[in-house]
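Note that subunit A is present in both complexes that follow, paired respectively with subunit B and with subunit C.
Then we have the complex of A and B:
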């Protein structure tokens, strides 16, 4: 199918206020044509408001919204070439599945036979042709979601907007639909904007992730960059898989300005590379390290530098959770922040630890990431898991 | 133990609820020689005949007036409640004030409203009549009810349905016709049903505003004062049957709509 128009979405200095409260605060964002962009953040971070403004169900207080280079700020949804899939699917309960899918064509005045034929084809495409004469209430959650998808796609959108599309499904269906969205994305040359609060969903689907908090964009990037190099403690905690460590700069390597030593409140010292940024002694600093890069050390390993795990932390084992391919070990290090190690199951069972054990954990200094942003929202703590 | 206690209580409840109605129903078929109390002296429809064909009283005409007024009230209540329900979904200037103003007439004693409306019509010089002042008095009772029902109906109505329709290119009017109205239609029928039945058995708001010609409840009330024969019961049976019919028709239309939804629109 040749594409008529570009699906590039731009938000320029967009502010949205509800009763004086800024839901979206001076936001600038470009979503490239044909990309799959996930907006993630805890509830109330403004991600759904952004989606609804792109769709035309909400208008920015100030700022502009462009789609394919055209200013669509004041336009009605139908004039934008967008289609939105609602969180609860919003299928019309009084219309049969076929008529739900044909609704857009009916509104455009397409003759009954023609619109039913096209709706029927669209239903076949989502493998629901056999349910055409059912009512929405007679369908399962997964089927309803596919009907909603078919109903959106029949409008031939250049941008497909998905509001928490998988949140109402159980785990099994969620994974299945995730796969189907990915396939759909491959077969359609349109832009996807997907709002979710589930980090694995964003990592699995997106080629661009926008992490938000309190109406502001905290970080934009490719999934692997967001996951490996979070900008702030907030992103590290929200995206999960990271340990955040707090301390202050103890010393800068005189020979290599890039290398610094950080001292934690406990007196524990860690080494890190700071890249372009320059620190001086005494600066407060936040570090992170991926859970799966940390190893539980034997006494011998802890004392020798040969194994390379020279950044170390000690603590008491407070939790052990078997996760199948890995084991999640939680350490209590002086109370404040918990430290989590994801150990491969084979490694763990070769040398298991027990609740209450005092252990040393270590990782190569190169795996230590310096977090530059300040944002350390507590609202993310719950979601980090 | 508690089961028998509760079962006994329930039996009493049912007895009080349906006992009087059942005895009136049975006694209305009293033989021509029978009186207002048991025992039955034969079984006949004599008293229904008396009711509609006697020179004394005006039960037939009163019933027609009541039915006409009920239908009129039903139509106006349904239309206005639906429109007001749509309007109240959004806050507008004075929405709170208008709402309380509407609900006040539920709280006011019906007799006072009746008196006020009757007086007003007399002073203005239009005169009271069932289809003018009487209609107004009944609407003060049914409109707030209708509005409250619409609140409940719209409270359960998901706005995302309308947004989805808008997303799919429907204009405001088309959203109302193709999405909002069909989905809440059972609620609209409920408003209509309330509108009719509340008006059909209203006494307090009728008594001083209805004019010289009685509605059915007033006619029955008069009969209780001076009629000593079972045609009083016959009228009770008759009105009950009419009310039941109205309810059955409403329920049937709701069921019909639901079935229709599964069937007709867009036959393959």
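Then we have the complex of A and C:
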């Protein structure tokens, strides 16, 4: 089906203030037509406000919002070609499921028989045809969510806005609905904007992730880039899967300006490649390394450089959590920073460690990432879990 | 020993709920059911304009149904009720709507709702009488209009008229409409209204498709209050109409004053029947219990 209008969303210099407090601070963002964009961040970071401004339920204090190249800043929701799915689904409690879905058509003056027929077809599409005459309260959470989805899709939107769509579901349903959203995305040529505070959800669904904090965009990119190359300690901690290490530049390799040695507060030395950026001795620096790239070393490995795990850290085992396919080992390093290793279960059980053991962990220097951004946040620690 | 105790314990468990409802049941039985039964019995007693005797006769009812006055009074009562209901619903709904959707903070909402109750800090009689100096021939309203030059003769219909009766009813009973409607309206999740707007509803659509249906239980409860209050009143209609208008209860009051107890009992039974029918009808249309649980 050819699409009438482009679903490209642009926010230009958007500021939103609530009682003098900036919820969104001079934001510029382009979401390409037909893409699946996830806005992530801890609660209160402004992601829902952005979604509501795109939907037209909130208006920017200054700045413009464009959809498909048209300025929609002051328009009502219905004039924008957007449809929003609310966090608690916001189904009409007094209307049957069929009438909930048909509501938009009723508002457009479609005759009863015609709108009920189309709503019925939409319900069939989300596999709820048999519940058409029930009331929302008689449905399970997952079913209500599908009704909300059907109610949004019947408006034939060019942009579908999802506000924490999976947060009210239990783990099993959440994974199922995640799969269904992905399929839906494949079958519909529209733009998805999805707000979530759950990182795996964003990684699984999005082809573009926007990490936010305090009304500002911290990083935008493809999921694999955000996960592998976080810009700042904040993004690294929020997206999870990373260890952040603090230190200062100890030496720059005279032969290769790209290669530096970093000394941590403990005196521990690490090697890293800095890419374009240039550092000089004494500069503070933040590094990160993926949890699953780190290995627990035997004494022999720790001594020899041959195995390649020349970046090393030592600590006392403070936590061991079996996660099925891997084991999460938490090291206490100098009682300050925590360092997490995700070891494949087979590797762990071949040579297990115990709580309280002193161990050395290592990784190849090439796996070390230099974080350029300064933003660090303790709230992100908590959100990332 | 322990077996016996278990049996007596089980018995207690079964009896306890009945013991718990006993006080209320006793009050209702003594002060509602028994008097009603007496009134019912009395309506079948014989009456010869001077005295009444225990017996079983349908004469009181025959007279009641045969008299055109009965039907006129009933029609007047229902007209009063209908007009007052319409006005209180309109005012009550509007006030609740304002309180719910235009007042942002709970504190101010509660404050304004309390202000609505100020007239209730004094007795019904005082509130009613207060209208007299306002609406009277030399009253504040007439004097004001004359002073401004809108009229040169005082308006006569303001006091001691059906108009005065309705004004007074509306003043007395609107709060009984505001409170239940407000109560059901504040429970409406604002995201539902946003969802409706998202689906293309304008303000009028939202009012008719979302807010009114979701305020239904409040409207029904308020309706029950107002209907029973207006249909059971005799005092307002007597004072405010200057005894020119009457309704079923005020006529009944006259009969009682003249010690015509059996005819009064018969018309009481008729009134109860009609009110019960009306309430049943309303409850048939809206399942209040289901709406309250939601």
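Note that in this section the second predicted complex is superposed on the first by the 385 of 385 C-alpha atoms of A that agree within 3 Å, B and C clash if a C-alpha of one lies under 4 Å from a C-alpha of the other, contacts with A are read in each partner's own complex, and residues count from 1 in each chain.
One rule holds for everything that comes next: contacts are C-beta pairs under 8 Å (C-beta built on N, C-alpha and C of every residue); 3 or more make two chains touch, one makes a residue touch a chain.
Worth saying up front: this structure is predicted, and the values here are computed from it rather than measured.
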item: Combined model on subunit A: subunit C and subunit B, fit or clash; value: clash
item: Touched partner set for A:112, first subunit B, second subunit C, both or neither; value: first
item: Partner chain in contact with A:174 - subunit B first, subunit C second, else both or neither; value: neither
item: Partner chain in contact with A:197 - subunit B first, subunit C second, else both or neither; value: neither
item: Contacts of A:98 with subunit B and subunit C, given as first, second, both or neither; value: first
item: Touching partner for A:208 - first (subunit B), second (subunit C), both, neither; value: neither
item: Partner chain in contact with A:132 - subunit B first, subunit C second, else both or neither; value: first
item: Subunit B versus subunit C as contact partner of A:16, first or second or both or neither; value: neither
item: Subunit A residues touched - subunit C or subunit B, whichever exceeds; value: B
item: Subunit B versus subunit C as contact partner of A:151, first or second or both or neither; value: both
item: Partner chain in contact with A:290 - subunit B first, subunit C second, else both or neither; value: neither
item: Segment of subunit C intruding into subunit B (one of 4-12, 22-30, 58-66 or 148-156); value: 22-30
item: Touching both subunit B and subunit C, residues of subunit A; value: 55, 57, 76-78, 82-84, 86-88, 90-94, 103-104, 106-108, 151-152, 155
item: Residues of subunit A touching subunit C in the complex; value: 55, 57, 76-78, 82-84, 86-88, 90-94, 103-104, 106-108, 137, 151-152, 155
item: Touch list for subunit A against partner subunit B, complex; value: 55, 57, 76-78, 82-84, 86-88, 90-96, 98-99, 102-104, 106-108, 112, 116, 132-133, 135, 151-152, 155
item: Touching residues (chain side subunit B, partner subunit A) in the complex; value: 158, 160-161, 163-171, 174, 178-179, 182-183, 261-262, 265-266, 268
item: Residues of subunit C that touch subunit A when the two form their complex; value: 189, 191-192, 194-202, 205, 209-210, 213-214, 216, 294
